[in-house]
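Quick one: this structure, given as structure tokens, is what I'll be asking you about.
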């Protein structure tokens, strides 16, 4: 009997998830057909008022901001997880872990606003340009993906059998060599999964980056130029969009969905290979 | 001699892999019956088939029949939960549930909606029979995990006894236990054999010699030889049985 | 290179690495500390009893934020009340009742991908499906349902992982003592997976409270105290976003943000305490 | 535990059972985020006069408001742009006018623009402040997002067919534009006149200062209509609210907020 209760719960959840997927695709697909996949994905100008729906600048925007965030956030995240598992005294670790949990809990709009007030003026003063830029977005997103990267990496390091480190140290390796040559390679797949899930989190972020990216529709020339990502494009125009413009935003949602599916597939493939 | 358990032409498969290739074995009522054999000889599977714990394993399939008091345990009308209460099992590793000592022993009876007082009495009686009462009587509400390995295994025995079973299956109960705990467990098994049919997979030949009344020797899914303790250990019929008993192979 | 030269090089490399790792950790701590302190310093002076009890007035420039607090709590409750049973139920179904097959892998993969979808897309879906199509209008219900859809994948994933960490021996022991599949689940598996499931719920609550994009277009942005499931209500995060991005009132914006951070931290602590007490009682 | 599950199911049933489309107990006003703050002030005043009528103000943007009225999710739509031809069938009234102020950082030496200069800046033909008598620095152009009523009005009144440069920074609200301009000396943006405060300064247009008086006598040409829209002629509570907005008391409140009376009240 209980099997059916759980089956009904599972069925309704899955149908709910399917409903969203079908909804997004049905709202977004026609425009891709109309505009043509190639023109839509590689079109250079986005001007719904004039009926031009090219989102290539936004794909470049998403990629540059996310890679920037990963380049900043991942190394620091991995260092922190090594710190947590190898170097941190117990007292600090018990303080550090709830702090990370809090970091994950802060609303993204707060990050965005904090970025607008601190990070953007710093970039404008010392690096030039309007301050609203890829760099600003990368810094904010790097901070936001730290909890994801730290927690998953930490789990994969802790999951390693203690003999790995003991064995390495027994061979005369010092602590850092043991970490570098034994622990990290062994936890590699966990770390890669953490990186990919961190990137997935960064690519999906909207509200935090709307305030700091500048959302210019043109292709950026340097990391100090304003840029618009796939998510901010939806976030900014959705309220005012109607008709084909809103369909184009859904189509952007489909591209995002596809990118996130690819990332998850890669993450699962790598962790399963372990 | 009436037999508690009769196993007739019993075969067992995990998916395509055959683990037991046709066994006929009769286990007498009360007394201790040992199932001897090296690892991978199908003993654990045989034990789990008797209380149908083997049903849980996906892709498990069996042929032949196992009769408990003459009734085939795999008939459609058999209440599996009822069967498992009549045929208790103790695993090869001490496996207390993540609950207190009291909750562990009371787990079975509670499922039968028994009254509080009745459960309390059952718990106390089972712990005494398993020679654990004195160790735990003033810390019944502490987590079972806090007990020593030997104590935990005796808790598992008490947990089975609380259901008033007719048969007790033990799969290498003392592997990994210290000699003192092993001796205590063997002692309580000997006391129990008047009231219960005990089928044990000993973790070595000496244990079988010490405590069992009858024994059977299984090797990679076949029953080689079966007989009373006095015969099988003094003059075994088959060469492979004597090789195993004298410890020529593991 | 001589042996001790190599040693010296190794030792200096280790020192450098140690410094690098310590500085990374310290910088992360500094950034976190700086963000939280900045919010609390700018926000707490505004927080008073009035700020907590009165409803916003004059576009949010004055008065308190009580209606947004009630709105946030109501919407999050609706979301969790719906997503938790369905999510945990699905997790149990996937973990306990099905064998690893293509179907279960596809379901898990979709749940994973949907967890990554930007919340703005959920907002769009909620607006057109709940607000307009089902006719719930801008309301606590529409907002709650939209958030329920958004956190469902996360709850499924975290609950399933928690259930999978329960050692199989517990299930065998429970069944060997005559328990049915259902009794095994709710008397043994669920209590020991509770900590993982609770963490998943806390994560989802945190995400719902912090949500703006998905809620603006479903729960609306009315400043009045919600009177029923169908009245529109502005959540604290949305209120912060509107006050801050519209430049209406910085002080009240930071006051709201400070309360948000405190609320999230409070929920983490309370739920962990409840789970510890429940598990301690159970042990 | 056994009793919890049925409890959850009954709770769910109650929630879903309560889904019957409950009639709106409140007048729902949805639409342009530029109009929203002013509508909220009106609603607050209205609540004192008619406490029996509840008025809900929702944001979401002009198009969302129009769509909400079209699908009768909202009773009154708010728009900060003229209706498109496809939307003209809806009943609408201009309850107020809002000036479009061109805002600069207070320390920016530039004070005045001609329409042509503005068009050149926003079309990225003029890219350095020194061409306008300011410092030698790149102009950071800030605009509102595509579809916003404020941007549509700016394009119609200033750009005269030219396209705003895609390199322009886009912000999703008046407040965000003002916040940005107040922090960046080299930036230029446009917001609702009513929102100009001392953190920024409004430039004059062809010598005419941006003020309510100059809008009333139409010497300052940059202004846009604030419309209330209904699906068919307004009636019931919605009509009462709209009449209040058009009443002298309503118009006084709006002018206090920096708006100008609508042309056909």
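As written, the chain order gives the labels A, B, C and D, with residue 1 at the start of each chain.
As a convention for this text, a contact is a pair of C-beta atoms (placed from the backbone, for glycine too) under 8 Å apart; a residue touches a chain by one contact, two chains touch by 3 or more.
Model, not experiment: these values are computed from the prediction.
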Shared interface partners, meaning chains that touch subunit B and subunit D: C
Pair joined by the larger number of C-beta contacts - C-D, A-C: A-C
Chain whose Cα centroid lies nearest the overall Cα centroid: C
Chain of greatest Cα-centre distance to subunit C: B
Distance between the centres, which are taken as Cα means, of subunit B and subunit A, whole angstrom: 54
Subunit C and subunit D, separation of their C-alpha mean positions in angstrom: 33
Centre-to-centre distance between subunit C and subunit A (centres being mean Cα positions), rounded to whole Å: 17
Length of the line joining the C-alpha centres of subunit B and subunit C, rounded to whole Å: 47
Multi-partner residues of subunit A (each touching 2 or more other chains): 5, 211, 235, 238-239, 246
Subunit D residues counted as touching two or more neighbouring chains: 5, 33, 59-60, 64, 172, 176, 179
For subunit C, residues that touch 2 or more chains besides their own: 85, 180, 187, 216-217, 244-245
Inter-chain touch pairs (all): A-C, A-D, B-C, C-D
Contact set on subunit A toward subunit D in their complex: 5, 45-50, 57, 116, 120-121, 124, 130-132, 210-211, 214-218, 225-226, 228, 235-242, 245-246
Subunit D contact footprint on subunit C (complex, rising order): 57-59, 78, 81-82, 85, 127, 131-132, 134-138, 141, 186-187, 190, 216-217, 220-224, 227-232, 242, 244-248
Contacting residues of subunit C [partner subunit A, same complex]: 10-11, 13-14, 17-18, 20-22, 24-25, 27-29, 31-33, 35-36, 38-39, 85-87, 89-90, 92-94, 96-97, 107, 109-114, 116-125, 128-129, 149, 152-153, 156, 180-182, 185, 203, 206, 209-213, 216-217, 237, 240-241, 244-245, 253, 257, 260-261, 264-265, 268
Residues on subunit D engaged by subunit A in the complex (per definition of touch): 5, 33, 59-64, 66-67, 140, 145-149, 155, 163, 165-172, 176, 179-180, 183-184, 186-187
Sites on subunit A touched by subunit C in the complex: 1-3, 5-10, 12-14, 16-21, 23-24, 27, 75-76, 79-80, 82-84, 86-88, 96, 98-111, 113-114, 118, 143, 146, 174-177, 179-180, 200-201, 203-207, 211, 231, 234-235, 238-239, 246, 249-250, 253, 256-257, 260-261, 263-265, 268
